[in-house]
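Below, each structure is written out as structure tokens.
Each of the next two complexes has chain A plus one other chain: chain B in the first, chain C in the second.
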Partner chain A sequence: MAALRRTPPLAVVGTYLAILAYVAFALFPLYWLLKIALTPERLIYSDGTALWPSALTLENFRAVLFATDFLAYFRNSVIVSLGTAAATALIAAAAGYAFSRFAFRGKRLVIALMLVTQMFPLLMIIAPIYKIVAALGLLNSLTSLIIVYTAFNIPFATFLMQSFFDGIPKDLEEAAMMDGCTRLQALRKVILPLTLPGLGATLGFVFTAAWSELFFALMLIRSDDTMTFPVGLLSFVSKFSVDWGQMMAAGVLALVPSCLFFAFIQRYLVQGLTSGAVKG
Partner chain B sequence: MAEMELRDVRKSYGGTEVLRNIDLRIGDGEFVVLVGPSGCGKSTLLRMIAGLESITGGALLIDGAEMTDVPPRARDIAMVFQSYALYPHMSVARNMGFSMEIRRRPETERRGPVDAAARTLGLGSFLDRLPRALSGGQRQRVAMGRAIVRDPKAFLFDEPLSNLDAALRAEMRLEIARLHQRLGTTMVYVTHDQVEAMTLADRIVVLNGGDIQQVGTPIELYERPANRFVATFIGSPTMNVLEVAPSRDGLRLADGTPLPGPGTARHIGIRPEHIALAKPGEGIAATVEVIERLGSDSNVHCEIPGVGPILARIRGNPDIRPGASVGLVPEKDHLHYFDASGTALPGMAM
Partner chain C sequence: MTTLSGNDTASGIPRTRFGRAYLAYAVEPWLYLSPAILLLIFVMLIPLGIGISYSVQSINLLRPFETGYVGLENFEALGEDARFWTALVNTFWWTFGSVTLQFFLGLGLALLLSRPFHGKRIVQALVFLPWAVPTFLIALTFSWLLNPVIGPLPHWGAAVGLLEEPYNILSDPGTAMWGPILANVWYGVPFFAITLLAALQSIPGELYEAAEIDGASAWQCFTKITLPFLGPMIAITIMLRAIWIANFADLIYVMTGGGPANSTQILSSYIFTTAFRRLDFGYASAIAVALLGVLLVYAVILLFVRARLVKF
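Let's look at the complex of A and B:
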């Protein structure tokens, strides 16, 4: 049997070559980002498209960290992204649970409206949003970004969470309630632990979306001390030149929290936790 | 242990009534099986007793106390689900002791009942495992163990064996019967499998289309079905029902065979095991179509010309072949009579 099932060596090599080609293709932009960040300023143009820099330096990183406002941008982005991720996950989890478990009047309408909000180009609504935020006196504040990002991410995050709740058999909560739980206890002790992969996915999705958002941040933020990282990145572009080395170094640094965040939540992203709950 | 009473209980979803006029008293320690075809409302009725489904009208009393609107956690009832509904992120031990955990019993106190239940169910060596590492039968046992540790006034079972294979189902059926004998707790059990109903129940409640058709002991239902539905639902293989017309001295089949019985009967029923094979010319003339030989018995499927198919269950292994002409002799005192509405009529057997 084992002999029959053994894959020909050529196929194995082919499979790995294909995977390698795909990984190289996907990671190349990241490599290029790192390469430029490590290339000394004077060699950026002379090295051109050479795959390996002729000299290495950490000067760009030092300049970004100590000679620019990068750390402030970075801190602002962390606050906005974490705030957005937390607020969105909380609201989307509650809404997703309600959509998944309860039948109530107007449910279809609310779902339809949430879908409709996803259909408008951002450009169309930036002006009204700007007016609302200005009227609330929230221009130039990180709070405005958290509110706007949360509002924009909730529909998708809710549908995502709903699909995770749908995947958890209703019998489990009912069993918990028969065991003596209130609905909230059943939710907290039985359903929530099983939804962690979903919650992790939602947090990751929203965090990344907020981390890389440029459009609203550009419109709603003017002052240096409330700029988020994507807006701050633009300060490396001046009227006559682009400081490629520092810009790429900032880009590399900006990847760090995203990577850390995913490293932290990836164990919750592991699926298959609900297997064995019910028949099968 | 508990007595339960359902008084004129109704259930409707929107304008659709799925259960009506449910009056049922379940005695302390009784094993009652709710049985009926798919969609008859049996699971809904069980879930209403559990509190997982609201009661539209009428009242539910447990030990004389009104429970109609009391939430499930306050009814002191345990339920075993068809899907087992084990908490997948908890070990077998924690699954079984979860009801005590919710009631804030310390872990040292929980261990005793969990271990005892695990021992009786043969789960002792699985206590640290997660449900996904168990087989279907073991999961079923854990679900039962969880209900036992709960130490409830009554157990509810919602088709607990329907996901198991035939051999395991028979084994678990016996396990449940033992459990009932040992604990003596009131049990309400839903199934569509009438073998489970017949073997487990003190009393069977037959439901169809949202109404109770008959309540009685398995033997009562088998021997004195209240109507054609119960007659054909209870018993395996099912009862033969043949159309009859009144005649001068009783009834006759469409082929003219005379039969005794009340003139108002429109159908007669006869169980396959109450028909004997005779030589052609005796009894009702029929042709053998198929013979299923089961070893101890044989199911002889026949066709009565002009009347329709009929099944006879004969002990042993009769020497006949498909296509043979035979006579069928029904045992007269096991004939059942039904009027035009399907209600059983007192006949010679009653």
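Let's look at the complex of A and C:
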């Protein structure tokens, strides 16, 4: 505060202008997406590059929701993302708990193994994964996507969960176990309630990651009825590349779940991004 | 008395290396870890091994009868493949351009956010929002913004004299790479801002107070306190981020598909195109192994620099 009060007024104005510029930079592309989605089709070419549309309509959204397959794509993506988030959170919570509460031989090896899976280019395994999934007869199934995405997200989610467990004093569960609880009871009654925010943040991070994954979904899903949102949107774009309003309306729909989860995990961004270290 | 000491193991305190309680104690963490480990081994490490083995085989789904071991043939083809060398150079420019711009804009944002001002909470939420937008959507949004029919950017570019006329920079091989880089900067600034903000807040406030008492200017505070403190952390973050960006092909694949005339093809998008469009898994794996080699060399340099930085 003191520093800001002493600075000359010109510098204060400059600071606020810079902040305003950053906010405008961050919001402008999303504003444009929404603007074109709300512009009536007959006005797209005359109003296309105007800052503000002269008329608004929800027709594009209606068309996308009821005349195309986007509702199905949306449902598939929700299933995949929620399934991935739930499976990852469960498995990563167990692994993070082991890292946080136990000292055991081979711990460094397991950590190294997790780091290795984060360092090599994921596209290296896209061909082998395709072959394996095809051999198992799981092509075009959402299950295969959930399994693959879960594995991708486990290392990051484990380190995140570990950092949340590390924040809970070990004495708490030891006291509960001293009073006659088994470890499982101590976990359920003492640790679980305290780690719920951490679990929520992990769910949010993994959901966001699974929602936007593109390459493995393209590779493993070719049939129309199991397409996830990114795959569906790209095939729509290549087929109807002049339906600007509808494409952007679909884009706005893809944005909704991400924004909801972002509002939810916003408080944990620093912890998530710093414990992930290499993850975007 | 001897019977009592025998009971100790049953009370949960492991006394002997080979007692049942000790065994349970040693096995327990592995029990919790096993789902994670098994999944990582079967979904990532075994496919990784298989992927490396593909690079010395001929595996093309379009020619199923020519499958088999071919030695280093794929790599020899790689050496003569002009697209591969273009992609290697493009990977460098893509990574260098993106990281540099993301870092400086992210640093500026972190410095702004490290001081209190009115409405900071809402500003913080708004400027971090791009991080949460799905990457395929970012790619589509920016290719629309760059399209002169429905996007304002070409018109603005022409108005300020950057472009001679409002055309789509994505269709010109000379300028196409700037499109994905612009989208990547928009997406990546929050990441750098968040990491640098966390680091800035770890600098003890007393240092700045002492400097102020001694009459240091804001610029002196920045170069003499902030930069030396953040230096090592900045170097590591930038280098790790560079690896991530070199592998990050979503934006390029959706915005340009590597074109026009291969001008935006980077190694990772080339891997995907080769596997997905040409279904040539052997050749795709050879490119992937080459990319892994490049990244390994880079990582060794990174570790070397890190050792130097930690020493001082």
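Just so it is clear, the second predicted complex is superposed on the first by the 228 of 280 C-alpha atoms of A that agree within 3 Å, B and C clash if a C-alpha of one lies under 4 Å from a C-alpha of the other, contacts with A are read in each partner's own complex, and residues count from 1 in each chain.
Heads up, the rule we're going with is that a contact is a pair of C-beta atoms (placed from the backbone, for glycine too) under 8 Å apart; a residue touches a chain by one contact, two chains touch by 3 or more.
Remember, predicted model here, so these are calculated numbers, not experimental data.
In the superposition on chain A, no contact is made by A:Met227 with either chain B or chain C. When both complexes are overlaid on chain A, the residue A:Asp179 reaches chain B alone and has no touch with chain C. In the superposition on chain A, contact of A:Met161 is made with neither chain B nor chain C. In the superposition on chain A, A:Ala201 makes contact with neither chain B nor chain C.
The wider contact with chain A, measured as residues touched, comes from C rather than the other of chain B and chain C. Of the two partner chains, neither chain B nor chain C is touched by A:Val64.
Of the two partner chains, chain C is the only one touched by A:Ile125; chain B is not.
When both complexes are overlaid on chain A, the residue A:Val190 reaches chain B alone and has no touch with chain C. In the superposed pair of complexes, A:Val237 makes contact with chain C only, with no contact to chain B. Judged by the document's definition of touching, chain A residues 273-274, 277-279 lie at the interface with chain B and also at the interface with chain C. Here chain A touches chain B in the complex through residues 169, 171-172, 174-182, 185, 189-190, 193-194, 273-279, going by the rule given at the top. In the complex of the two chains, the chain B residues touching chain A come out as 50-52, 71-73, 77-79, 81-89, 98-99, 102-103, 130-134, 136, 139, 146, 150, 163. Within the complex, the chain A residues that touch chain C are 1, 3-4, 15-16, 18-19, 22-23, 25-27, 29-30, 32-33, 36, 44-45, 48-49, 51, 91-92, 94-95, 97-98, 101-102, 104-105, 107, 110, 113-114, 116-117, 119-132, 147-148, 150-152, 154-155, 158, 208, 211-212, 214-215, 218-219, 230, 233-234, 237, 244, 247-248, 251, 254-255, 258-259, 261-263, 266, 269-270, 273-274, 277-280.
By the touch rule above, chain C contacts chain A in their complex via residues 26, 28-30, 32-33, 35-37, 39-40, 42-48, 50-52, 54, 59, 108-109, 112, 115-117, 123, 125-138, 140-142, 144-145, 148-152, 155, 186, 188-191, 194-195, 197-198, 208, 212, 240, 243-244, 247-250, 253-254, 268, 271-272, 275-276, 281, 284-285, 288-289, 291-292, 295, 299.
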